[in-house]
Structures are given as structure tokens and as C-alpha cells.
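In this document, chain identifiers A, B and C correspond to the written order of the chains, with residue numbering beginning at 1 in each.
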């Protein structure tokens, strides 16, 4: 249990670090660093608690989470110039956070509802919502719209947690399995650029099809030029 | 009652379809399709349930809503290239969803609070919040900022539901009246381009007024050129 | 107590006015004005109530808040052309709202939880969340990303409320002190352009450092040109 709580704080802290890094890219002041660090660090868990009706939400019951985010923000305010040249390290820490949060979000959702579908959704949401919120607040292109595997890794980890738990594995074992699975998938995406096939419109409609479907207008008919 | 539940699922499904279509425009993978489909399909009802204190929210209590969204996303992942050339059909399905949701949102709000003002707001929010969330997540121009009537149709339908219900009409009759009203308004906007008068700044301040108000700077004074 | 309630409605109204002004900049219709006015006016308090588990949220319990927002929106729909040339006045009204809300948000958070950290966060969030939501919905650059002091003024006011209340001052006195403090800081930012030092990357890495850190690639080595 102590390991899980440590992992939870570590996850909050690495997500807070990515929020602070976004603040550094936007040249914000130290309060802006804290704001984005808190939103990114606790955003996913806040969404999870709200939809499950677990209020007050976790960081209201345990303000230490916010203090961890604020401390991370202050640390990065003075060291982000070093971190930026080590962005790769941060991406890996973020992968650790994603892996930890998809397992814990699934555990919370499964305990609260007993539904596998809800557990996968709360696991996925806890792991990804903070990063999406960070990108919206910082006015950056959403992580959701990037091609490399991210949300899918969280979904896979949450699904594995649910399967292992339903099969009777102890909660800690299920969590470690799920974390490892999500981390390997996300790590593979970082190292090898793994993607899922993205949707593509059918291969090139012909000119006559575009005309038929009303996508383009017929060319002007003065054909004797 | 069965008709209302069918309509509710139909509304969730058509909104999920618009989310999946946004995902296809952004060339996302299948998990991205599911994510945007779920957010768009259940976003409005989630907001409604949260502010009314109806937690856990409806899709946590009844995960079938998420399964409908996911199934819609998978369907569109493989068929969106056909749908895109039939975007007009989708707009009409979206109008059906808007009409269904403004009535059901108003019914839920009125039952929970007895307040007409709240019923109109929850009706409007349930019908429009999902689409606004979709546009924010997909990084597209918000439906809220488009000129054609959209939010107003939802407001009108929610208001009619509230009036009919207060006047003593059975819940199902009020809902059908409200749906028809909202659908006709939104349909008129689609067919005839109906808009409400948009705000315009007062007709052209004169140059001297702009100078007086400090909007423009005086021209350089070398008047002898 | 009456003074506090009056201030609360005044705060909601001035924030609603800034939402309506954003609607006027986007040339929306009157329903769009109402929508943005309501979102901006009650957004911060809605977030505060949700995370604290105070549901139904305040404007569901007391719809008069929404009516104030809607009335403000209608008023500005017909007068915004005058307001726009007096944007400075609106910024000052917004500063009044920020000051009132950081004190009241801190008071609500402190009463609900007894935690100083939570009180500061709920004060800050109540005062700023509405404006951030307005900017996201209107597709404008977020107030969070502007250089001048804004969030920090709310944080300072909320902190002072918490300190004064903890020191035993009556709630009304703490609120007035906090409001005055936040207003002076925000006012100073408006008059004198006060900012906190913003994060800056370390002063210009040298070419050799950029090369060492892998930020730039070595130049092509055909050095005999």
C-alpha cells in the first residue's frame, strides 16, 4: 500500500512537472507555473472523482497533493532551462506517470462501481485528462491529436488491470502488471515511434467522383481556349 | 417511457457520430475516434448531472451509453469516408440529437429542482455542451461561435418543455412538443440559413469620433505634402 | 452579511459583463451573449462547488444568479458599442469582481475544509476560472498566458483572507482586507503594468553549448569553401 501511495505522489509530481514545462515554454511567472502544475497534476484524478461522485475530491481531502505540485513548479521555475535540454527524460517520467495513473484510475473506478467498462474509462481519463487540460490551458496542440500512441497505452493498461483484478489477482499485482504493460507500450511509442493506423479518407477520389459528389465545381466551359 | 429511452440512446449515438467525424477530420486512430465519440456523446449529460449533484453520473450508472459511443466510433472509423460525402445527413441527425437532448435535459432539471430557469439552462447545456467540448478537444472553431442558430434552438425547445410541463401536459407530450419545436428551428437554420441578428458595433464611428475616443492616432501633421 | 451578498451578485454581474463583451467581439447573437455571460459569471463558483462536493451548485439552488447574468448580457447586447470605447472601465470592474471572488472563494473553501491550502486554491480558482473559461469558449488567448499580474492578485487576496481569518478576525473584516489587497495589486498591474518576473531560458546558450546539447546540428563540414 505504501508503494502505491508513493507511486501516486510520484505520478502527480511528474505530471505537475510537464505542466511547469508548458509554463516555461509560455514564459509565465511563478504563479503561472504553479497553476499549470496543479491543473496537470491533479486534473485527471479530479475528473475521475467528480464523475464517480467521490467528493470532496482527493486533493481537497489531502492538500499534500497540491503542495507537491507547487513544490515541483518552484523547482522547475529555477531549473527548467536544464530540463528543456533533457526533454527526453521528462517524456519518460511522463510515461511513468501515465502508467501509474491508468492502473490507479482503473482500481478506483472498479472499486466504486464494479463495472469493467467504467474502470477502463476512469483509468484512461485519470491518465490522460491532466495532459489534455494542460494543452488547452497553455494553448498548445492537444496531446490527443498527436499521432503517436498515448491514450491507447493508458486504455491498454487500464484494461489489463481490470482483467487481472477480475481474474482474482491481488490489487497490487494487478496494478504492477498494468503499469508495466502501459509503460512498455508508451515506451515503445517513444523509442520506435509506434502508432496505431490512423484514419485515412478513401484513397483519392477521382476528379469525376468529386464532381459527382459535389465536392468540386465543374470547370468553366469555354473549352475553345 | 421506452420511446424516451430509445430517443436518449439515439441522441447519444448521433452526437457520438459527430465526435467520430471530428476525429476523422483530424486523422486520429481508432482510440482517438472512441475518445472524441464518448466525450461528445455523454459530455452534455455529464455536465447536467454534475451541477445537479446527480452522481455518479448517468454513464457510470449505465455503462451501455459508453458502449454505444464506442460502437458508433468503430462503425464510423470504417465508414466515415462515406459519411463525409453525406455530411448533410449527419447535420440532420445532429439536429435530432439536439432536439432530443434539450427536452430530456429540461425534464431532468425540472424534476430535480422545480425551477424553470434551471430547466432551460440544463436543457440548453445538455444539448450543446457535448458539441462545444468536441470542438475544443479537436481544436476546431467552436459551434458556439458560428452564426447559424444552434444554441438558440436548444433554448427554445427547453423553454417549450418547461412551459408545457408547467401547464400540466404529460411528460411525454411535453418532450415531443419541445423536440419538434427545437428540430423545426434548427432545421430551418440548416435549410434557410436562419440566424438571429448578431451584435454589430454601432454603424461606423466617424474618423473624428475614433480620434476622440483614442481608437486611432492622429495622422502625422506634415500637412504641406 | 447583506453587504457580502450584494458583493457576490456584483462580482457575478461584472464577470458576466466581461463574457458579454467577449461575445460582442465575436459578433454573436443575443443567446450567445447570454451563454458567455453565464459561463463567465458563474464558472468559477461552479468549479469551487463541484470540487468541494457542494451540490447542487450555487446557481441551481439560487437561479437569481443566472437571471443577473442574462440581464447583464441583454444590457450589454444593446450597449456594448459604448462599453468597448470604455474598456478601461470594464477592466476596473473586473478587478472588483476578482477581488470580491478571491475573498469569498477562500471563505467558502476554509469553512468547508478548514485547510489553508484549499482556501487559497478555491479563492484563486473562484476568481479566475470564469475568465479562463470565457477565453477558451470565445477562442481568445487565455488571460492565464498574459504577462500582467492577474492570477497572482487572486492568490494574494485569498492568502490574506486565510491569514486574517486564522488570526481570529471576523469574516467580514477578513473579506474586506483581502478584497482591498487583491484590488490594490490588480489595480497596480493595470495602472503601472506590474508583472512578476517571468521565466526566461538561461541567457543565450552559446553555439558550442547548443551543439553539445544536440539542439542544433553541426554545420556541413565542407570547410574549404
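Quick notes
Operating definition for what follows: a residue touches a chain if its C-beta (ideal position, glycine included) is under 8 Å from a C-beta of that chain, and two chains touch if they have at least 3 such contacts.
It should be emphasised that the depicted structure is a prediction, and the values quoted were computed from it without experimental measurement.
In a homomeric contact, the two copies may use the same or different surfaces; for subunit A and subunit C, under half of the interface residue numbers are shared, pointing to different surfaces.
For the two copies, subunit A and subunit B, the CA superposition rotation is 120 degrees, given to the nearest 5. Mean C-alpha position of subunit A lies 26 Å from that of subunit C. For subunit B, the set of residues touching two or more other chains reads 50, 55, 136.
Interface of subunit B with subunit A (complex): residues 23-24, 26-33, 35-36, 38, 46, 50, 55-57, 59-60, 63, 66-67, 77, 80-81, 84-85, 136-139. Residue ranges on subunit C touching subunit A, taken from their complex, read 50-53, 55, 112-113, 115, 117-118, 121, 124, 132, 136, 141-142, 144-145, 147, 149, 151-152, 155, 195-202, 213-215.
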